[in-house]
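Consider the two complexes below, in which chain A is the common component and chain B and chain C are the respective partners.
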Partner chain A sequence: MTVDSQGTATADPQDAPGRAAGKSQTPPPSSGPKEVLQPPRGRRSLPSGLLPYLLVAPALLSMAALLLYPLIRNVILSFQQLNRKEFITRETVWTGFDNYTELLGDSHFWTVVVRSVVFTAVNVALIMAIGTGIGLLLNRLGKKMRLVLSLSLMFAWAMPIVASVTVFRWLFDEQFGVANWVMRTLGFSGYEQHNWFETGFSTLVIILLLLVWGSVPFVALNMYAGLTTVGTELYEAAKMDGASGWRTFWAVVFPNLKSFFMITTFLEIIWIFKAFAQVYAMNQGGPDRGSETLPVYAYIEGVGQFHYGVAAAISILTIVMLIAVMSFYFRLILKQEEEL
Partner chain B sequence: MSATTQTPQKLRTRKPLTVGTVAKNVSALVLAVVFVFPVYWMFSSSLKPQHEIMTKDPVFVFTPTLENYTTATGVDLFWTYVTNSLMVTIGAVLLALLVALAASFAIARMRFKGRKGIVLIVMLAQMAPWEVMVIAMYMISRENDMLNSIPMLTLVYFVMVLPFTIWTLRGFIAAVPVELEEAAQIDGCTRGQAFRKVIFPLLAPGLMSTSLFGFITAWNEFAMILMLNKDKESQTLTLWLTQFQTAFGSDWGATMAASTLFALPVLVVFLFLQRKAVGGMTAGAVKG
Partner chain C sequence: MKRKLIAAIGVAGMMVSIAACGSDSDKGKDGGKASAGGDKTLTVWVMDGSAPDAWMAEVNKAFEAKHPGVKVKVEKQIWNGIQEKVTTALSEDTPPDVLELGNTQTAGYAVTGGLADLTGDKATLGYDAWNKGMVASNELDGKLYSAPWYAANRVVVYDKAAYKKAGVTPPKTRAEWIEGLKKLKASDPKSQAIYLPGQSWYVLAGLIWDEGSDLAVKDGDKWKGNLSSPEAAAAMNFYKELASYSTAPKDKDEATPQQSTDVVPKGGVASWIGLGWEAGGAIDAMKKAGKTADFGYFPIPGKTADKPGSVFLGGSNLAIAERSQNKELAKEWLALAAGKDFMTKYAAATEGALLPNTDAAQFKPAAGSFAEAMALSSASGKVTPVTPGWANVETAPNPIKDYMTKVLKGEDAKAAGEAADKVINERINQQ
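The block that comes next holds the complex of A and B.
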């Protein structure tokens, strides 16, 4: 994704599609012959010595310089006072844990934390439920309908995040937006010039719609890809035994795709929790800082309020929370990855 | 006996319209409309004349015009943004391919101490929370006089797409049978020649899709450019698009034309790659 998406592309969104689905998909066909081939294969191609290290060095060095170093700098910055004055004079003022104690005692910080967690939870629950539903539906559709629906999902998936934010702003425009027209057509009153971005909450609801819209295709299409590997015999068997759709799902589909569900859920949690472009570009965290989630909060504390030290501390705390989630994710991935 | 006769019958009776099939197809159609609507609306709004955009009740049938595109591309510095975007994305992707090709070859084809550790590092790096690291990146760039610099942004995007590129290429390289390489070496190729003449051509499709995914990531990136390149001259299309609205007030037609221009390359690339995005990629990307 986003390709992410969410994108973006989810962007972003883009790396894991293959992975998440593939985990559940590839093993059965490929593991058989590969297991036999693999061991000799590695050992045969070996006159190496220093060569592998030379080949890997550029990659490692660039990641160290532009990923590891910024991370370390982020930690260091979080122990500094870096307000407007220090920012301009470029002096370094150490304050120990002051930024952290200030944050942890700040009710605004906790509001944003709770908001981010709840926002992520609701988002991921909706994405997984709707995505799974559509995945199951895709599996039961005829060829033509399936193509129509997947193509439509593809478009939503492929939309660049920034473009989709712009379009959503237009859909929910106060004066000429389609959303107000739809509400009026459905017979609701008060939608002559309804401002959808009036409160932080309503803004977050629009962002939620955007995130769900952009992330569901990833889950649905990969879910469908996974379902095709389950094999129709199992469904048939379940149906013969008279199982209902609901039972079939929990007894046949879910156990078979359990790792897919787990991995996708954690991926979505990570993606949504750190989503920046969608939240910021929609309304710059406003109105009145009411739609700030943690990444946006860090940005605004820094750039908007000139509290770069505090901003660094916020991002460190955010990263710590992300790492907690990621550790589960990696445990799942590593369990899958028998051959590293 | 009864079981065997039951199944064909069931199949035959299920074909004609039942409540279930109708419900299934109707909901699929509704979902398809819902999901494609924002994209459709962007495109159709971009082609509408001004007076058919500024209406309380949306117009669905209209005579298309390109005037919005003229407005959008007529913005100051538009071509600078296009060039910047292209330079940054293409630069980042090419750099990533080059560096990743070497690294993934080592990871896929050689056994050496620390190999597993490197694979782990790549996996971790792939999950790097870039959006949350903007403050530190800003300070680093500021200290090194690299704010508003296209090369700096290119480098950042390069590291952003690098882990994914290594991961994917590693899969593609591992999928090329070693025997081919060995045969070439027996026939007198050096290891380097074997790589260039045998593996590389076979990797072409893999390189293609990997770089296109990298392209999408870099093209869409928002947080970093927002933080690092505040100068007009050094911005990319991503920022241009988000600031378009503010600059043009409520000229939604032109804004949608701008969105369409921005989205079009990605949509085309993505639809071209769609098989790889779902499932197909797994073959190469996931399992080595």
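The block that comes next holds the complex of A and C.
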């Protein structure tokens, strides 16, 4: 995220953090007639002409090629029957909304939808809660411990997905897994050869652990970065008023970092909802299709079962659902935009 | 506050990227065939473990000598995920010219029109001499789409030392088999009398055939799953009894972990059910680990001593892609490789562990070898239902595997069978 506000060359005496003071944008009355020449503040006026377009062109073009084009193809595909036969013979069979009506009338599809939504909600709640907690902790720690904690967070964040899934698979392995060993050592019975991937639910719980573990660093480090912008005097003031830690958080930290919480939550919703590699690599959506989330369902229908049309329809419906959720976010943003 | 808008656009972009991981079928990839100057390359896809390197080199040498300027490029593929790969390959402009296809999957590709029709080439390919049991999977609606290459079936591989210690000799009937497993368990409770993962569905298929039934049956002009039948339940019950002497995972097949190289060499397995290349792989892996394998082999016992248990006659066919740029060359290569001379060499190179496509090329297996046990039971060899839709049944997630896991975990065989049949019915009649 860019931190500077763009553009204006007028010196804005108070930029952050309390925006309330800056609400009236009238420049301070000049005390004397032109005594000092105002030095340009780092930035000149925006370049005009073709240059800005040239600069954004590569990004836009690559977006169009890598996202927009596949998206359009995907929409087209979702109105076709494209099974193995059509795939090989390159026939185009238009079926209108058949894929959609078939899906929307399929109880399996709705099971997967509910599962994905619940799974995302639990994940995001945990990630936000734990991430915020660790972020607060980072802010309070001494230099050395903070370094150690940030480093370990960075390592978790930097771990490649499939590698981390493999590690988790082994942790929960039926025969050699450390999880079974721990349970046995703690004196629980029935963990001789406990199969952690026996049901879709327990498989999803393990995936949840992995996703939370992998996503918490992002929230925690961002939270810490955000906290550094909250002036210490605010805490001091809160302390003077005798506010508890809980109260301080809700009265000082939360309002100050509201936009941080909002964007991180929505980013996490998107990430978790579309998490594919973790879910698929853990148990291929099994057992008995019990841990399939929407992206995995689309993959198995498409690549596994050769029903590419149906798979395209699933992914379009997934996008529609995300857009529905995200529209709240966009509305909030636009509303704020108007207020300012 | 433009940055918020920028962030919002970023969010929107990320959402859209979901579509990108949905399904973009990447057609028309350039295979880089037919290089300039009249030189041609014939690409052959074979599966890992199918063709001994020396044999393959000899075939290609003979072929290249006959066709100057033509080079044969052999590309080894692995079975895991092969259907996706072959489907994509057949949709391309420059597919591999010759492909090895599993015999249960061939009809599924034939019906898509992706394979060249070889009906007119029966004479050059030596159709009449082919093993009759192996021909069926190559034909669809009276047309020939591939040539049989080899077949193989599973036998029981046992550790001679463990059997000797427990005083067990190779059984002839199911009752003797279970009796032996009991003794093995008693003599060494720490090791597994038999390693049998829960989803070894080809083994289950054999047991169902032993009951005189099948995985799916034809009902009018439609097929339907048959796992809810009492015969399937009886077969599954026997499987469950066998599996009770194993601590193998109930929700895995024999390839994850690979039983031959990842499980057996670690020790503690008195017997297991495997193919010739798996036995070979286990022997090699043990050699590498500084151990010596002392394996004996016997056919999967039948219900009575006069007939060994039914086994799935797995195997491969060689087909030519319809879009091959070098169809005529591909046919000639096929006739050469699957012809009697090279099949004789093939049988010898594999020491009989793989049955060649014609009896005339048969290799006399050594006494006590895997091949000997395999030849004994190949008489009771059968294949999965011959219908194009069968390939759909085998795609992941395989309903038969899920059925097995459920029953092994205590679910009622009939209920689990009905759930599996529902999936099979949905898939098997699709083309």
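To be clear about the criterion, the second predicted complex is superposed on the first by the 259 of 340 C-alpha atoms of A that agree within 3 Å, B and C clash if a C-alpha of one lies under 4 Å from a C-alpha of the other, contacts with A are read in each partner's own complex, and residues count from 1 in each chain.
As a working rule, a contact is a pair of C-beta atoms (placed from the backbone, for glycine too) under 8 Å apart; a residue touches a chain by one contact, two chains touch by 3 or more.
Please read these numbers as outputs of a predicted model, since none were measured by experiment.
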Quiz item: Is A:M63 contacted by the first partner chain B, the second partner chain C, both or neither?
Solution: both
Quiz item: In the superposed arrangement, does A:I263 touch chain B (first), chain C (second), both or neither?
Solution: second
Practice problem: For A:L137, decide between first (touching chain B), second (touching chain C), both and neither. | Solution: first
Quiz item: After superposition on the shared chain, which partner residues are touched by A:A237: those of chain B (first), chain C (second), both, or neither?
Solution: neither
Quiz item: After lining up the shared chain so the two structures overlap, which partner does A:V118 touch, if you call chain B first and chain C second: first, second, both or neither?
Solution: neither
Quiz item: Where does A:I88 make contact in the superposed view: on chain B (first), on chain C (second), on both, or on neither?
Solution: second
Quiz item: Where does A:A298 make contact in the superposed view: on chain B (first), on chain C (second), on both, or on neither?
Solution: both
Self-check item: Per-residue contact with chain A, leading partner among chain C and chain B
Solution: B
Exercise. May I ask you to decide whether A:L104 touches chain B, chain C, both, or neither, giving the answer as first, second, both or neither?
Key: neither
Quiz item: Looking at the overlay, does A:A281 come into contact with chain B only (first), chain C only (second), both, or neither?
Solution: first
Quiz item: Overlap of the chain B and chain C footprints on chain A, residue-wise?
Solution: 1-2, 63, 66-67, 70-71, 73-74, 77, 175, 270, 274, 276, 295, 298-299, 302-303, 308, 311-312, 315, 318-319, 322, 326, 329-330, 333, 340
Quiz item: Hey, which residues of chain A end up touching chain B in the complex?
Solution: 1-4, 7-12, 14-15, 17-19, 21-23, 25-27, 30, 34, 41-48, 51-53, 55-56, 58-60, 62-63, 65-67, 69-71, 73-74, 77, 134, 137, 140-142, 145-146, 148-149, 151-171, 173, 175-176, 178, 181, 213, 216-217, 221-222, 224-225, 270, 274-277, 280-281, 294-295, 298-299, 302-303, 308, 311-312, 315, 318-319, 322, 326, 329-330, 333, 339-340
Quiz prompt | Residues on chain C engaged by chain A in the complex (per definition of touch) | solution = 1-8, 11-25, 27, 83-84, 87-88, 90-91, 108-109, 111-114, 247, 249-251, 392, 395-397, 402, 405-406, 409, 427, 430-431
Quiz item: Contact residues on chain B for chain A in the complex?
Solution: 24-25, 27-29, 31-33, 35-36, 38-39, 41-42, 45, 53-58, 99-100, 102-103, 105-107, 109-112, 115-116, 118-129, 131-140, 155-156, 158-159, 162-164, 166-168, 178, 181-182, 191, 213, 216-217, 219-220, 222-223, 226-227, 238, 241-242, 244-245, 250, 252, 255-256, 258-260, 262-263, 266-267, 270-271, 274, 276-283, 285-288
Quiz item: Residues of chain A touching chain C in their complex?
Solution: 1-2, 5-6, 63, 66-68, 70-71, 73-74, 77, 82-85, 87-90, 174-175, 193, 195, 197-198, 259, 263, 266-267, 270-271, 274, 276, 284-289, 295, 298-300, 302-306, 308, 311-312, 314-316, 318-319, 322-323, 326, 329-330, 333, 336-337, 340
